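Would you mind keeping the following structure in view while I ask a few things?
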Amino acid sequence: MSADSHPIPTPTPFATTSTGKDRVLADLALVAHEPGVRKPDPIVVADSVTRHFGGMTAVDVDHIEIQRGAITALIGPNGAGKTTLFNLLTGFDHPSTGTWTFEGKSLSGVAAAKVARSGMVRTFQLTKALSRMTVIENMRLGATHQPGESLFTALIPPLWRAREKEITVQAEELLERFKLGAMRDEFAGSLSGGQRKLLEMARALMSKPTMVMLDEPMAGVNPALTQSLLGHIIALRETGTTVLFVEHDMHMVRHISDWVIVMAEGRIVAEGPPEEVMANQAVVDAYLGAHHDTDLGDDSLLADEVMEQLEAEALEEKR
Amino acid sequence: MDRSPTAHRVLLATLFALLALAGAVLPVGAAQAAEQVCVADASTGCINGTIKTAAGAPAVGIVLTVAGSDGEHIATTGADGRWSVAVTAAGEYTVSLDETTLPAGETLRDPSKNPRTVTAEVGNTTGALFPLGAPTAAPAPSDGATSADGTTGADAAVGTPTGSESGGGVSWLRVGQQATSGLIFGILLALASVGLSLIYGTTGLSNFAHGEQVTLGGILAYVGCQTLGLPLLVSGIIAVAIAAASGWFQDAVLWHPLRRRRVGTTQQMIVTIGLSMALQYSYQYFFGGGALRIVTENPTMLSLGQIRVTLHSLISVIIAVLVLAGVAYFLLKTRIGRATRAVSDNPALAAASGINVEGVIRMVWTLGAGLAGLGGVLMGLYLNATSWNMGGALLLLMFAAVTLGGLGAAFGALVGSLVIGLVVEMSSLVIPSDMRYAGALLILILVLLLRPQGILGRAERIG
Amino acid sequence: MSTDSTTAVATGDPSSVHRGAPAGEPLLAATDLVAGYLPGVDILSGCNLVVHPGELVGIIGPNGAGKSTLLKALFGLVTIRSGTVTLKGEDITNNAADALVRRGVGFVPQNNNVFPSLSIEENLQMGLYQAPKKWAERFEFIVDLFPTLGERRGQRAGSLSGGERQMVAMARALMMNPSVLLLDEPSAGLSPVRQDETFIRTRKINRAGVSIVIVEQNARRCLQICDRAYVLDQGRNAYSGPGRQLMNDPKVIELYLGTLATDVETATTKPDLLPGSSTPPTP
Amino acid sequence: MDWTRILTNVAGEIIAPTTAAYALAAIGLNIHFGLTGLLNMGQAGFMLLGAYGFAISTIAGWPLWAAVLVAIACSAIFALLLGIPTLKLRGDYLAIVTIAAAEIVRLVGRSTALTDLTGASSGLRGNSYKDTFQDASPFADGTFALGPFEYSTNSSNSWWIRIVAWAVVGLACWLVWLLMRSPWGRVLKGIREDEDAVRSLGKNVYAYRMQSLVLGGVIGAIAGIIYVLPRAVQPDSMGRPMTFFVWTVLLLGGAATVFGPVLGSIIFWASLMLIKSVMRDGVPESIMRTEQIEQFGWVVVGVTLMLLVIFRPQGILGDKKELAINVR
Amino acid sequence: SDDGGGSDETDASADASPLIIGTLLPQTGTLAYLGPPEIAGVELAVQEINEAGGVLGADVEVENADSSDADHAEVATQSVTDLLSKDVQVIIGAASSSVTLNVVDDITGAEVVQISPANTATSLSGYSPFYFRTAPPDTVQGAALANLITGDGHSNIGILVFNDDYGTSLRDVVKATVEEAGATVTYGNAGEEFDPAASSFSGDVTALLATSPDAIVILAFEQTKLIIPELIAAGVDPTTLYLVDGNTADYSADFEPGTLEGAQGTIPGAFPSTEFQAKLKELNPDLTDYAYAPESYDATILAALAAVKGGGTDGPTIQENLASVSGADGGTEVSTFADGVAALEAGDDIHYVGQAGTGSFNEDNDPSSASIGVYKFDASNKPVFVKGQEGEVPES
């Protein structure tokens, strides 16, 4: 069955009739399915970005473009360099070589905070909850344009109260959607692993970014909740937000992404729409594996050959 | 040490020179010149001086004239080079030296100061000096003058072999000497800082009472040697054992319960400040505020080439190096040693790996306190005395060393200590001595700017 | 793709999937556990769990349900306020973690599951802390399982990617060759092929006689492989039963599993149990 | 034992200028540590710079307001100099850098090289710079008694300094109260928890830290002025023990609270006075010699401090729940 | 401390309340070793005063309080509060000039007389009409020491001096005097002081010896114990060592016999004081060191005599009469409290000649002269009196 047409339990008005999706699909329709391909309306363009750690090359990207307004998935084996690429693009790490632009402006060498302010906001794979602040405070911190964040305005509450109210309303809405409403006044440090992931994502969305980069947003999140959150991500596309996410959950990738980029050993090895990329034999061999659609309860899987095959695949992935 | 024959000769020559000098200055020599020597009393004042040749030998038979309100007095230097006149009225006196009576080849160092005017008081002694030597500003006798006279470098100077180099400025010998002291100090400091670093590394606690652990070692050794009269070795071993036990005990009654109650490390840090206060003043209560000499014997000096070290410090350094090597082996090669790093990274996971976390921490406290105690004993010997605040005074240097080397990296603390030791002892070559700690701290800041993670620390990955 | 074999198992009697021995003495049992972190706030409020020898037990549930807390409580990392935990009949309530390791319990935590400043090799050595003599043998075994780890043995775990860390975490727990294994989301952050590998390996380990408790958000996969499963919600057992049965329970699907990933199974499971089962299978 | 006298003295400590100065210094430190998580172990350095700046410019003939501005400027520049290179470092490194920098200030201040400016180790005499402040008093000279408290109105340890000091403390509390509840304070708190996370949200962590360092440092400098007004500028009295006491005061009262520093300071100095007076009067010399009584007094102070933290680790006003969140 | 009990005459005596003397001396902190002898000096004086009938018929009381060191400045402040609340009229202290500077305004502002037994800082000269000191002025001791050195014929003089008022101002005098006599200060010039908090002195000793001095002066306190072994080990001849009042002490328990034999030191004060020391030791058997005990003793006696002379125990009265009893107006020389009272009762002006050998107070309330004793260490490292020297304080 088609994942798209499947009814989603939580009411998400944008889920199916997505004008944004149509637009993006139309834009991407003519784009060739090859690594490093040019896109009609790229928001991020990066050239020859490399990052070495000692002797190993974690990232070695010749050319990559992210389509504006699209939901792009970045997949690839463990250690492929996805997170490192995120770190480089968002200014949390410094590349060995390379330049990139965001909305036409060069962002290479720009500090992380400035990158975020320019509209490119990311989340972390290993969550960074602000432990001794409450959930709602975490959320408020994500907002932008709060005049009270400047030292002198902070001293005159009337100057920032109104904005604070707006922020709080927005934060509470997001919390409800991310099933964190009940935790509003708890310390973020007391959240469970999955709840932290959710908070991290919700907090990033507070700033209404032009582009949001999610690093494995759904790892550790309950599937039922994942499903309801996908609606939210799709809704982001409707508002014109560009989404780039790393994810190992293929159902999610298949369900919401307009475009998939595959990384391996630091390089871009394949690009294309999800159905096609996932049918690509190389991707299946190196990343998805032969059993990704198999019921693992099958005893025959316990045969030694299967293990060997899996190991071979894992090695392939490594190579 | 293979150069010891030379060293011995230098030492012997020095001793002879010393004896000669002592003979000249000691009251024994004064006896024969007794009839000349003026003693100031209610009605007389004295003007006196001693004249020595450039080589430092007494200059005999020099004639001086002292003229003033109560007339003219003539004095001649005696066998010890001394002269003196008694005056009966206070006021200004002109002292002139008859240059013709100078021994052959001697000149006044500063001829313009002859004659010179002094103010004498009744009941007081006033000096008037006429230094002999080459007419330069250089205060020390030059090499040429020394060898011309055939004596060793230990002439006029108070018997130090360093005199042979041109004095005052920075000589290589002085650099070497201070570098040696720096290394010794650094290695001994390392004993203390490695313990501090271990405790910080495993528990995240900045232990401001660590200095008192160091003091404890020193004071226990003092008690052993001075109060109980035990031999140094025995009291040293007992001191280290008790110091280590105190670490065990402290963790058992204080830090373990605090950790169990999840008291944060900053709060624990304040507890260490309180503990440090309580301990410092307890030491003061029992042992007073003065310096305590662990052993009263004067240190035996050894010469390594031209560099002097005391036997005590040499042995101390050897002990310290052995112990530090042992600690290094323990940390790197033993299971428990590795476990300390695991505990410092992630105590819960360490427990999940089957490590007895509390046991490891207890062991670290014991080891850290034991090392500090040993550091205290050796430091007390090296510094010639211990006192109630010896450790407290060193604490900042220890922290600097630990940070410099990379927080929590035990070897970093070792490297950091050596750097700090060298900087502290050598910075007085270039900056005022009372600012040398400032110099060490400045170096610390600079190193941190270049290598924020410390010398041996590693940068962390984000994301 | 081996759709055939999947069908064979899935359409069979659910009880045939269940290989543990639900009857008899439990190996590990928790009764009416109450536990929490902050004073006065109970996260687990009367939670029960039974693991029989050789059983593979899954725990699923929404985020914040208390799954990790339950594992930590079993393992002595969270204080149990009331209730008991027994291992082979002996009371081990609030026993220290290292004592449990000595008794053959292994644990892979969800977060912070490596020692970041230690190298991979040292991480593994920590896993074998109580039996350093077996190092050579066990290390070979692990390198066999995770060749990457062998090659990178000198790299500091703190610099590893998310997936690589997860491998280190799993490998560390396997070092001691435990007889009871508590896994908290072992597949999170792994690539699909590694996830499969992890699940299949978990089963193999289980087959070799190790009793396993596995907490997963990859819930379908988890239910596929486990003998029996618990659904935890708000610190209490909400459902329990054989994995297959829960997987097809509409209530469980709606509340905990979602339908996003049902595309594989829909073709083969009982159509009447599934909402939206009328949709055609994916090509 | 004369309890009325002792209790009067203890009560007197509550309003003493030293108490106010420490409260103020701790308020500054609270902005650093409580709000931003900066481990400033050199607050005494800021205070000493403030004191030097004030005293030296007053001695040079500058008016009161200018001297205060000089003090503020000195500490602000010091904060900038310290902050530019170090605020990018991990917290623990900042601790050692600040403690080192404060020691450098003290050692340079007391070195003979600067005798003309700083008076080297003997420092600057109190009566050489107190005049401008005392002249600014609206009161007539003399002494004034309020209940059991009798102080001179203007000179040195006076009512005037008490009034000004506590007014400044009140002002600073109000400032912190406003800031803590403001979005600015929220960003600082975020930085305290995880700077990378805050950075990823587009806040310039460096700038915020710098603002916090300067603000707290300036408050420290003003505390320094208040501290030296009733005494003299002594480089040695503003060294590490002072920094430790400021920390103690802060954590005693409760970090990240508005009134914690004030309460901490009052409790610290009042109990020091109480313990010492009681020891002095209550322990007969047949048991301990007089100097032993004083030393034992300090031991009691140290132990009391430990017990206070052990039994109330979050401080008197702190939030226990916050402490229970394990961040390690 | 006053065990005399209420004497019968108290009621019959003048309207003055009993004289209460406060001490503000270092009992804790880095100078704590200076406290016990000073306190013993005060207590000995009080004991003698009370044995002689007290002041104006009432026993003198002592209230001790800690001044600590400059590092703990608040302690002295609190102690002053404590002392003032006990209505003391005289405060003996502090030992450290830094501490004095911190509290002097509070004390003198309350019109309480402060007499320091140990302050030497020039910045304290004439600080307040209520501030006095009995410590020998640097100018006298420094000059005496310098003359001793030059008299021994040393022309290259190295000074190990700590950067503290006591050290640097004494150094300045020594330097000026020896240079006038034609000698050179090879080490220890401005900028070559060591930090009093320093713990290791090998660098300083090396630097000093590199200048090849033929005499070495140590201007320090307790640090001396750490420095001397360093010097001796470096081969320095003890006969070329010179010490001052802050460190000329009995080192028989600290160094092996002969270590200091022939070294010389200056201590202000009349000789012999062994009897005085024995009395102090009786009061506090743990005493090992007597630095500033005579000055503290004198300060107490002077204050008591001033009260007797003025017929009142209040601060201003004592302040007015202190200079006079110290001999500023001349008069009968007395050396004990009892003699002083007798002379005063006879209507004479008196000139108290005390243990410290300092002269009457000058206009700045500093001692106008001092007699300096020269001591030489014997084989057991004890200082033995050699001769005395008298010195005037030059008018400033």
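Going by the order they are written in, the chains are A, B, C, D and E; count residues from 1 in each one.
What we mean here is this: a residue touches a chain if its C-beta (ideal position, glycine included) is under 8 Å from a C-beta of that chain, and two chains touch if they have at least 3 such contacts.
Just so you know, these numbers come straight off a predicted model, no measurement behind them.
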*Which number of steps is the smallest that gets you from subunit A over to subunit D via touching chains?*
1
*Between chain pairs A-C and D-E, which one is joined by a greater number of C-beta pairs in contact?*
A-C
*If we define chain centres by averaging CA atoms, which chain lands farthest from subunit D? Would you check?*
C
*asked:* By Cα centroids, which chain is closest to the centre of the whole protein?
replied: D
*Report the inter-chain centroid distance for subunit C and subunit E in whole angstrom, where each centroid is the mean of the CA atoms.*
79
*asked:* With centres defined as the mean C-alpha position, give me the subunit D-subunit E separation in Å.
replied: 34
*With chain centres taken as the means of their Cα atoms, state the distance from subunit B to subunit C in Å.*
62
*Computed distance of Cα centres, subunit E from subunit B, in Å*: 28
*asked:* If a residue has to touch 2 or more other chains to count, which residues of subunit E qualify?
replied: 28, 32, 35-36, 163, 191, 193, 195, 286
_Residues of subunit C that contact two or more other chains, please._
37-38, 159
*Which residues of subunit D are in contact with two or more other chains?*
107, 110-113, 196, 240, 295, 298, 321, 324, 326
*Which of the residues in subunit E come into contact with subunit B in the complex?*
26, 28-36, 144, 146-156, 162-163, 178, 180-184, 186, 191-195, 197-204, 206-207, 209-216, 222-223, 225-230, 232-237, 239-240, 253-256, 259, 262, 286, 288-289, 376, 387, 389-392
*Which subunit A residues qualify as touching subunit C in the complex?*
1-3, 5-9, 53, 76-80, 82-84, 125-127, 179, 183, 190-195, 197-198, 216, 219-228, 230, 248-252, 255, 286-302, 306-307, 310-311, 313-315, 317-318
*Okay, in this complex, where on subunit D does subunit B touch?*
33, 85-86, 88-90, 92-93, 95-97, 99-101, 103-104, 107-108, 110-113, 196, 240, 244, 247-248, 251-252, 255, 292, 295-296, 298-299, 301-306, 309-310, 313-314, 323-324, 326, 328
*Enumerate the contact residues on subunit B facing subunit E in the complex.*
14, 18, 21-22, 25-27, 39-40, 46, 48-52, 56, 81-82, 84, 110, 113, 116, 118, 121, 123-131, 139-141, 154, 156-163, 165, 167-169, 171, 173-174, 177-178, 181-182, 185, 281, 284, 288-291, 293, 296-301, 308, 310, 382-385, 387-390, 393-394, 424-426, 428-429, 432-437
_Which stretch or stretches of subunit C touch subunit B in the complex?_
75-77, 96-98, 101-102, 107, 109, 112-118, 122, 125-127, 129-130, 132, 156, 158-159, 172-173, 176
